[in-house]
Structures are given as C-alpha cells and as structure tokens.
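Each in structure tokens, the structures are laid out below.
Two complexes, one shared chain (chain A), two partners (chain B, chain C).
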Partner chain A sequence: MTQIRAVFSTPWIWSFVGAFVVWLATITFTGGVGGGGMLTAALSLAVFMVIVGVGQMFVITLGPGNVDLSLPANIGLASAVAMTVMNGQDSRIALGILAALASGAAVGAANYMLIWALRIPPIIATLSASFIIHSIDIAFGRGLQIKPPPGFADFTNVQFLGIPVMAMLTVLFTIGAGIALNRMIYGRSVLAIGQNLRAAWLAGVNVGWIRFFTYTLCGMLGGLNGALLAGYFRGANVDIGNEYLLSSIAVVVIGGTSVAGGKANIPGIWGASLFLVLLLTMLNTFGVSAGVRLLLTGLIIVGVITAAGGEKSLR
Partner chain B sequence: MTDAVVEPSSSRAANSAARARMLRAMLPALSFALVVIAIAWLNPRAISYFGFSLMLNLAIPIALATIAQMFVIASNELDLSIGTFVGFVGCVTATWLRDAPLVGALILLGSIGVYALLGALIHLRNLPSIVVTLGMSFVWQGLAILTLPTPGGKAPDWLSAIVGFKPPFIPFPILAAIVIALIVHFGLMRTSYGAILRGSGGNPVALGRAGWSILRVKMTLFALAGLFGVLSGMTLVGITTAGDANIGNGYTLLAIAGVILGGGEFVGGRVSPIGAVLGALTLALAASPLLTFMKIPPDWQVAANGVILIVVLAARVLISRRER
Partner chain C sequence: MSVPRSNIVRLDGVEKHFGAVRALDGVDFQVDTGECIGLVGHNGAGKSTLMNTLAGTLAPSRGRIAIRGTVEENYSVIRAQRLGIRCVFQELSLCPNLSVAENTRVNHASLKGFGWRRRSAALISAKLDEIFPGHGIDPSDVVSDLSIGKRQMVEVARAFTVTEAPLDLVILDEPTSSLDAHTAGQLLAFVRRFVETGKSCILISHLLGEILDNADRIVVMRDGKVVAIDNASSFDRTRLVTTMGGGNHAEKPATRAETIAKQAGPQRVRARSGRQTDSTELVAHEGEIIGLAGLAGHGQTELLLSIFDARAAGRNVEVTAPVALVAGDRQTDGIFAQWSIGKNIGIRSLTRLRNGLLISPRKENEMAEAWKKKIGIRTPDMNNNILSLSGGNQQKALFARALGSDARIILMDDPMRGVDIGTKLEVYDLIRDEAKAGRTFLWYTTETDELEHCDRVYVFRSGVIVASLNRGEVTEEKVIQSSFSEAS
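== the complex of A and B ==
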C-alpha cells in the first residue's frame, strides 16, 4: 500500500497516466483500430519535444526567471544550416549535424552573453536574441529548397519492431541526461544554483560557467532538434520550430519539474511529451476543426497546469 | 518614471547618482527622439502631419497592447497571450460587434472577465503565468478562428469614424498616444490605489500584511490588461477595417519589448506608462519606416527590434553603474 502511494506521489507518473488515458480514449473512438501505429507515430513526434524539453528543463532548473524563449528561432535557423551544409549528400550528414549543433551552441552562448553582459532577465535576453536570430533565418533560409540527404531522411523514419530508432536513441540520451542531472557535478551544480544561487556560489560552485554551459547546452539541443526536424519533415523551414516555444516549456512543467527551479524531473518529460502528442492525435482523430483543436489544446494545458499546481512563479 | 529627488545634504556622489537616475528616466524619450531624428535626417518630408499619420498608423494598437502587458508585468507576471487575444477581439469586433452590438459588447466584457479570472487562478494556485498564458494564447486563437474562419468581416462604422478622426495640427496617433499615456500615468502612478496595484509587484507580502487583498489587486491588474487588450483589438480593426485571426500574433513580443524599452522592470512593480507608450512608438517607427528609409530589406525588421532593445538595455546598464 505504501509502495502504491509512493508511486502515485511521484509527480511525473501523472503525465504517463494522462498519455495513457488519451490513447485509450482515441482507440475506443476508432474501435481499437490503429492503436499501435498511433503509438509509433506519437513516439516519433514526442522525440522532438523531449530533446528541446531536456534543454529547457536544465535552463528552468537554474532558478526563477531562467527560460529560453529563443528556441523556435534557433530551431528554424539550425534546420536551414543543417540542410545547407548537408546539401543533399549522404556523405555530409555528420558534417551537417555538427554544423547544426554549432549553430545552436552559438545561439545559446550569445543568449548567456546578453544575460551576463547586460545583466537583464533571461526572458528579455533570449527574446531579443530570438528577434535577431529569426531575421538571420529569414534572410538566410528563405526559398531554401534543399531536400535532406536520403540516408538522413530514412534515419529519422526507420523503425525496429514498431519502435522508431530515433526514439530508442532519445531514451538513451535522456538516461544520460538523468545521470548528468543526478549523479554528476554539473547536474548537482545546476540543482544547487536553482535552489539558492548565493548559497551555491558560497559553496564554491562556479555559477557563471555552469549557467553559461547550461544555456549553450540548451541551444545545442535546439540545434540538433532543428536538424532532425528538417530530416523528418523533408526540408528546412523558417517556422519549423514555432510550436516548440509552448511545448518545450509545457512538457517541463507538466512533467513535474519545478518552475521555481532547483527540482528537475527527466522521466516526466517523456510522459508529458507523449501526452501532448497523443492529445493532438486524439483531436485530429475526432475530426474537430482547427479552431476547436486549438481551443481544446489550450484549455487542457491550462487545466493540467492548474491540477498539477505550482509552488512559485517562474519569475 | 522615477522622480529625481536631490537630498539636501547632497555630496558630489549623490548628485551624480541623481543625474544618472534622471538620465535613466529620460532614456525612453531619448531613444524615441533618436529614431525620429534618424528618420528626419533620412527623409525630411516624413516629418509632417501627413507623414506621422502614416508612419504611426498602427502605433496606437501596439501602444494599447503594450499598456495591457505593462499592467501584467507590474504584478511580476507575464502575458504571452496578449497577441492572440488582440486577434480574437479583432474578429469579434469585425463580426458580432457590427452585426449584433449588444452580443458583441457582452462577449468583449466577458473576455475581460476571463482575464480577471486568470489573474485569480494564477494567484490562488500559484501558477507560472508564462505557462498559463501560453495555454490561453491557444484558446484565444482557437476562438478567433471559430469566430472568423477566414479573414474578413467589417469594422463597425462608428469605430472607423473614431479611428479616422483628423484633429487640427497634431496627427491623430500622436494625440491618442498622449491621451493614453497621461490617463494611465495618472491612474497608476498618481492615485493611491495605483500605488497599491504596483505594490503587488514590489512587495506583495507587505501589501498583504497591511490588509490589502492581493487577490483583488491581481484580478484588477489582469482585468485592466484585458480592457486595454480589447481597446487594442478594436482600434486595430478600426484601422485595418477587417478582422483576421492571426492579425495580432506579433503583438505579444512587441508589447513585452515596448514595456522594457519604456523603462519597465520585470520584477518589483517598476513600470512606467509614459515610457511604455514611448517604447511602443519607438518600436513602431523603427520596425518599418526607419528601415524603409535606410533601404534595409523587410527581412531585417524583426532584427531591428532586437537590436534596439539590446542597445537600450546596454545604455541602461551603463547608466545604472553610475547610479550606484
């Protein structure tokens, strides 16, 4: 009994329960048809949310006010950079991914430079940066018609026993992120800064470097996401990352990470991502119009946040 | 705006600090003046009654949305849904408010009520306003699309008449901006309840101990944000004459930028209505007229906003350093 209670008191279990309920509702509606295929598709799409969600989680865990609003612009730019460098050739895939990572890292580093040099809240720093990145992307990536190399496009779609390989790799990645968060000096430092920046500093944590590294890491994950999205959707696009502003923050919060910082949760990001993706799938299956779909998505997000509750404001 | 009070026992250091504070308060006006001077230098003919009317055509809805955002920021929250809310109001204005004015007015009043309830929800459940308002941005956009699936509708005639008003000597957008800035400045900065409202961002605990209901204060601030969001959407449709569910999407970020440009701070209830209006006008001028005169392609308009924001914030850091 106490064990059951322990399971249900973990904050992230609810996101998986929610995802399961949504999935059940959908296959009940279809009469049991396509349940497996739906999960495969959901896993493929959830991967993109998980990757940026992990980056956003590290940033949010740094404490009140830390959030990266430049992810959509970052993802858009990285998708264009990756496609340009790959130039449709299989031999240049690794180079393209490296270029996307570098583009993302540059954005992340620039974000932290603004925060550090101008001593402004991260929200406004990443916001002003995103204005500029967005323009660079429009100027650089407009009319870019380069298709991803066939090998890369196949990789983003390949499945093993009905499970996308990319999802398996992302599970490995999240396990690594979990170890980094809970067992490594870096992760412990992030948590310490989020709980009390001054105490962490007095305890000898190099606050500046950890914050710099975290923003750069989040930027790099955004860059990686841009490259993968361009592969999955067969081409770069300025607006390819737009939905990840909301979803990167939402999966972190729904997944049980504290918006006040200092308390992070990796498994919850998977649960919340699956929940959001399956929710959209369900609304699509029900055949509702675009307006109703947006309306319900918004209401459900607000409802879930309200139910999950919060401790402190993000800022 | 911070009043530069010089203490009687002012040493040289205190004097310099006071000057820095003064400079800081003047920054929004200075950046606005700088953009106007740049435009005048590039194209002297733009500085005229007609030129300003054209260039600042869309500045009034932006200024109103910025004021709405400012009320939310005054209580240490952030509204990421104001843009889609403006779009929703626009759609309602172009359809219901014209065809069935009573229903339209009720919908708009109801949406202000929703804003007040959001303030209550965020306060009572201690929710991160960023996430709640991001969720709400989907709700408003969904409602806007349901109201007006394709761009269209028509602004009510009386609204077009108000927005098309041509006062003598002073262009309408400038006159309207002055009126908005002064009304909000008086209400928020010069009345006792305005001080209470700002106090919810400055020191909510002290405010609560003094017997004020933080819940009521938050609800009031969010309702005011809703009210100015409604005004912004209505004027926007009055100017563009038709509704479009996506018309206001860019306003969310513009409004935040305008508040910060106008000297507002994210925490501590430090906001400035006059600064916010000036910030909005600066962004409106810098985003397109200035770049057009500088022959910079429209691709870089968004970047211009980012650069202006960064330059002004950098200037503020330099001044603040002297303030200490």
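== the complex of A and C ==
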C-alpha cells in the first residue's frame, strides 16, 4: 500500500497515466484496431518533443523567468542549414548534423549574450532573437523546400521490432541527460541556481558559465531537432518548428518540472510527450475539426497542469 | 506587590507535534500585564514554536490558550491581532518589493482612502524616531534596498504602531540579532519604557546579558518543556547556562584565548574599500582571525563580498587562496530550500565528492555524517529537508558547507544570528582550531563579545575602515567610540 502511494507521489507518473488513458480511449473508439501502429507513430513523433523538451527543461530549471522562446525559429533555421549542407548526398549526413548543431549552439549562445550583456529578461531576449533568426532563415532558405539525402530520410523512419530506432537512441540520450541532471556537477549547479541564484553564487557555483552552457545546450538540441525533423518530414521548412513553442514548455511542465525552477524531471518529459502526441491522434481519430482540436488541446494542457503540475509551494 | 497583577496570556499544558517530533511537550506559562518576560533555551528547545502558537500562526496539538482569562477555542492570527498580541518573527517578514510605508499599511487595514501612503509613512516614521533616534530610514525606501539591520528595525517599529487594534503584548523573537550594540541598546531601552506603561513583552534572545538586564522574569526552555521560571534577579549567567543544559561549556571562552603573539604566516588577503581615501587596508595572514566591527550596515558585508568576488573587484583586492563564505542572512544568501541537509553541505565541495565524472552518493553521505557529528546538527537523518531544522541548526549546516570545503579563507557575514550560546561556543572552538591549522577567518559580527576571538579588529564607518585594534585593545567602548568618531 505504501509502495503504491510512493509510486503515485512521484510527479512524473501522471503523465504516463494520462498517455495510457488517451491511448485506451482511442483504441476503444476504433474497436481495438491499430493500437500497436498508433504507439509506433506516437513514439516517432514524441522523439522530437523529448529532444527539445530536455533542452527547455534545463533552461526552465534555471529559475523564474528563464525560458527559451526562440526554439521554433532555431529549429527552422537548423533544418535549412542541415539540408543545405547535406545537399542530398548520403556521404554528407554527419557533416549536415554537425552544421545543425553548430547553428543551434550559435543561436543559444547569442540568446545568452543578449541576456547577459544587455541584461534583458530571457523571455524578451529569446523572443526578439527568434524574429532575427526567422528573418535569417527566410533570407537563407528563400522558402525553398530542400530535400534530405535518402539515407538520412530512411534512418529517421527505420524500426526494430516495431519500435523506431530514433526513439531507442533518444531513450539513451535522456538517460544521459538524467545522469547529467542528478549526478553531475552541471546538473547540481543548475538546480542550485534555480532555487536561489544569489545563494548559488555565494556557495561557489560558477553561475555565469552554467547559464551560458544551459542556453547553448538548449540551442544545440533545437538544432539537432531541426535536422531530424527535416529528415522525417522529407524536407526543410521555415515553419517546421512552429508547434514546438508551446509543446516544449508543455512537456516540461506536465512532466513534473517546477516552473519556479530548481526542480527538474526527465522521465516525465517522455510521459508528457507521448501524452500530447496521443492526444492529437485521439482527436484526429474522433474526427474533430482543426479548430476544435486546438481548443481541446489547449484546455487539456491547462487542465493537466492545474491537476498534476500544481506543486505545493515551500513556504 | 499585594495586588495580584492580572495575566494577559495563560497557557495550560500546550503541546505541539510535528509528526513524531514533539516541539512543545506540555508547556504551562503566563504573562502578566506590565512585565517583560525573557525566554531562553537552545536552538530547537521550542521557543519559536511556542511564540508561533501565541501569535496564532500554529494551532496547538493539545492544551489551552487563555487570553485575559477567557479560553480561546479558535485561536488564529486575526484573533490574536484583535486581542492586541503582536509578534516580530526571527525570519523577517517584510515584503521586499514594497516600501517601508507600504509594508506598514499591510498591518493596518484602517489606513485607506486618499493619502494612505502619507499617513502610513507618518505612522512608521514617528515610531522609528521614538525607538531608534537617528535611524536614517526613509518611509519611501524599498525594503529590499535596506540592510538586514535596518529591515529588522522597521519590522520591530511596525509591531509597535497602533491604529485600530489594541496593543498589549509584543513578542520579540531575536530582535537584536541583526542590530549593532548601539541600536540594540535603543531598542531594549524602549522595551523597558513600553513595559512601564502597563503593557507586556516577551523577549527571546541568545544574548544572555540582554535577558538578564531587561527581563522581569525569565523562562528557560529545554526539549519542548519549561524547565525553570523565576525572577530575573535570582538568575546569573552561570545559572542560566546550566539550566539551559549547556553545563560543559559554562567556562568563558576568553580564558582559553592564547595571548602568545603568533608567527605571521604568508599574507592571504589584502583589501581596501573603494571609498577609502587614505591608504588604510585590511590585511589578513594565514591562521589569523580578523574581526570586522562597527555599526551594522557600514560597509562590512560589501567588503566581504568584494573579497569573495576578488576577480571582479580589480586592484583593490588581492586574495591568494580559495575562499568560502558563511552567510548570515540564510534565507536569501544561504540555504537551498528544496534540498536535504546533506546536499546543502556538499554543494561547495562537489569536485571532491566525485568518482570520475559522477557525484558519488556514498562520499556525499560520508561528508554529511562527518559534519553532523563534528558540528552537532540535530536531526535524525541528514537526508531530511534543510527546512526541517531550526534556524540555528540551518546555520550550522552553512558552517559545515564552508568549513568542509577546500577554502583556506573563510568569510563570515555576521553568521551567529539566532544561534544559541551552546552552539556558539562550539563554533568558536571550531574556528580557533581551524585557524590554528592555518585557515584565515574574516569575521563580520554585530556582537562585541565575539570580537574577543579575533587577532585584529577593523572598525567600519560609512563604508571605510576608521580604526584597527589589536587583540587586547578591543572593548565595547572603543568600538562604539570609533564607530561614531569622524574618520581621521
């Protein structure tokens, strides 16, 4: 009994419960048809949310006001950079991914420079940066769809026993992120800064460097996501990252990370990403129109955050 | 004394449990009108819990509270306010983003309509002038811009302001902990005047001299119980300390202070404040304990911070070894509220707690347990949240963080705030031992007694050093004299 209570008091369990309920509701509606395929598709799409969600989680954990709103523009630019560098040749895949990571890292570093040098609040800094990045992307990509090399497109869709290989790799990546968060000096420092920046500074944490690294890391993950999305959807696109503005923040919060900072949670990001993707699938299956779908998604996110994310505040 | 004085508050068998912890274990006690009660006890003895119960912020688990002879069934903060009971808490409770006048308004709902800000300002100014003449606080100052000493002055003055609700009993929990000797004296003199008008006061303090000089009766608490109540005149320092249960530390620390001139080791710190016009600078060598004295908020903390951040401070500061800081304002500068005691201690030493790239939970636990023993943190488990500790024990954890680190220079920013005398004596011993082992301490303190432990004391005034006193020259008179005299 106490064990059961312990399981349900972990903040991330609710996101998985939510995902499971949505999945059950959908296959009940279809009469049990396509449950497995639905999971495979959900895993493929959830990967993208998890990658940016992890970056956003580290940023949000830095404390109140810290958030990266430049992710959509960053993703769009990186997808174009990656596809241009790959130039449709399988031999240049690695180079293209490196270019996407570099593009993302540059965006993240620029974000932090705005925050640090000009002392602009992160919300404003990353939002205004996103307009600049967006303009660069339009000028650079000229709105053209650039196709990925066939090998790269195949890789993003390859499955093993019904499980997308990309999802497996992403699981490994999140395990690494979890270790960094809980067992490495970097993660400890992020959590300390999020609880009390001044106390962290006085306790000897290198606050400036940790914040710089966190924004750069988030940017890099956005860049990686851009490249992968371009492979999965067979082409770069300026608007390819648009949905990741809301969803990157939503998966962090639904997953049990504290918006007030100082408390983070990696498994919850997986649960929350699956939940959001399955939710969209469910609404599509039910045949609701696009407008109603957006409305319901918004309402459900608000509801889940109120119900599960409403942490009791300390003091 | 033939007329029995009426009592304002009476507690019968009050208990308060937090889970398995009995913070209060059957407390009987009363406060009469026109008296000042001194309340003493070690950290965790239950003093703050008792005061929270009286102020209505905590409901007792068992027992009765009677105000002016009437038993209160649903006692609460609002009820307490209406009955004229106020409390000044140890953890300062002003809203940092509001001005002094606006903070005053928070307690006085009757200040409304046009010009409330002006009336509120007048109210608090008058009270500040009455208690702390020459305080230098403007009612339009935003609280977060005030030093912790001035914040405490505002907090105290606010508790004594009266509009609609009556005022009969004020509970002062460590009111002088952030005040220097001069302002503390002003406050205590005011408390005596207040009591002479027939009002009552409960004074909690770890400075036993304050209690002995100002209280009519003294209540001693230990382990959630009242162990002695008697007239102040029948107590002296030794009896108080033994009753509190600190018998093994009753001897005065100064008897152990060695007067042997130390061999000056290599220089560790050289610093001068940016506002210093002459060539005076603070110098500290290996193994020295250096005191920073003077009235509170006269640049001592600023200089400590510039030493802490030596790289940013430029040519004015020279530091030759790793530095750690023990914060005095532990809520804003010290603790990480979501972490365990162990993690709070380990944060300054993470590089040493690693196995390869990963932080080793085993090493972290070992460090926590070692310091639990060494500095005597009262908790069943170092994995408990830091907020489960009483204020003094939280402060011990901050000491453990700094002393457990690789730092050779320890900066202390008035770190003994709200720490009981037993703990203080233990920490003094620890500091002396560490200094003997070659660590350098820079110690800002508002308590003149503590300067006895220092090899050299710098007195500050308006951001600059106005005097440097060697061991043996330090007396309260000298420090106060230098604090007020013009810089020469």
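The rule we apply is simple: the second predicted complex is superposed on the first by the 306 of 315 C-alpha atoms of A that agree within 3 Å, B and C clash if a C-alpha of one lies under 4 Å from a C-alpha of the other, contacts with A are read in each partner's own complex, and residues count from 1 in each chain.
Everything below uses one rule, namely that a residue touches a chain if its C-beta (ideal position, glycine included) is under 8 Å from a C-beta of that chain, and two chains touch if they have at least 3 such contacts.
Note that the coordinates shown come from a computational prediction; the quantities given were computed from them, not determined experimentally.
In the superposition on chain A, A:188 makes contact with chain C only, while chain B stays out of contact range. One of chain B and chain C touches more residues of chain A, and that partner is B. Of the two partner chains placed around the shared chain by superposition, chain C is the only one that A:262 touches, whereas chain B remains out of contact. After overlaying the two complexes on the shared chain, residue contacts for A:196 are found with chain C alone; chain B is out of touch.
Of the two partner chains placed by superposition, A:80 touches none, neither chain B nor chain C.
In the overlay built on the shared chain, the residue A:229 is in contact with neither chain B nor chain C. When the two structures are aligned on the shared chain, A:205 is found in touch with chain C, with no touch to chain B.
Overlap of the chain B and chain C contact sets on chain A: residues 314-315. Of all residues in chain A, those touching chain C in their complex are 179, 183-185, 188, 191-192, 195-196, 198-200, 202-205, 262-263, 314-315. Residue ranges on chain B touching chain A, taken from their complex, read 76-78, 121-122, 125-132, 134-146, 149, 253, 256-257, 260, 266-267, 297, 299-307, 309-310, 313-314, 317.
Considering their complex, residues 65, 67, 114, 117-121, 123-124, 127-132, 134-136, 138-139, 142, 245-246, 249-250, 253, 259, 289-299, 301-302, 305-306, 309-315 of chain A touch chain B.
Residues 308, 324-325, 327, 332-339, 343, 347-348, 350-351, 354, 357-359, 387, 401, 405 of chain C are the ones touching chain A in the complex.
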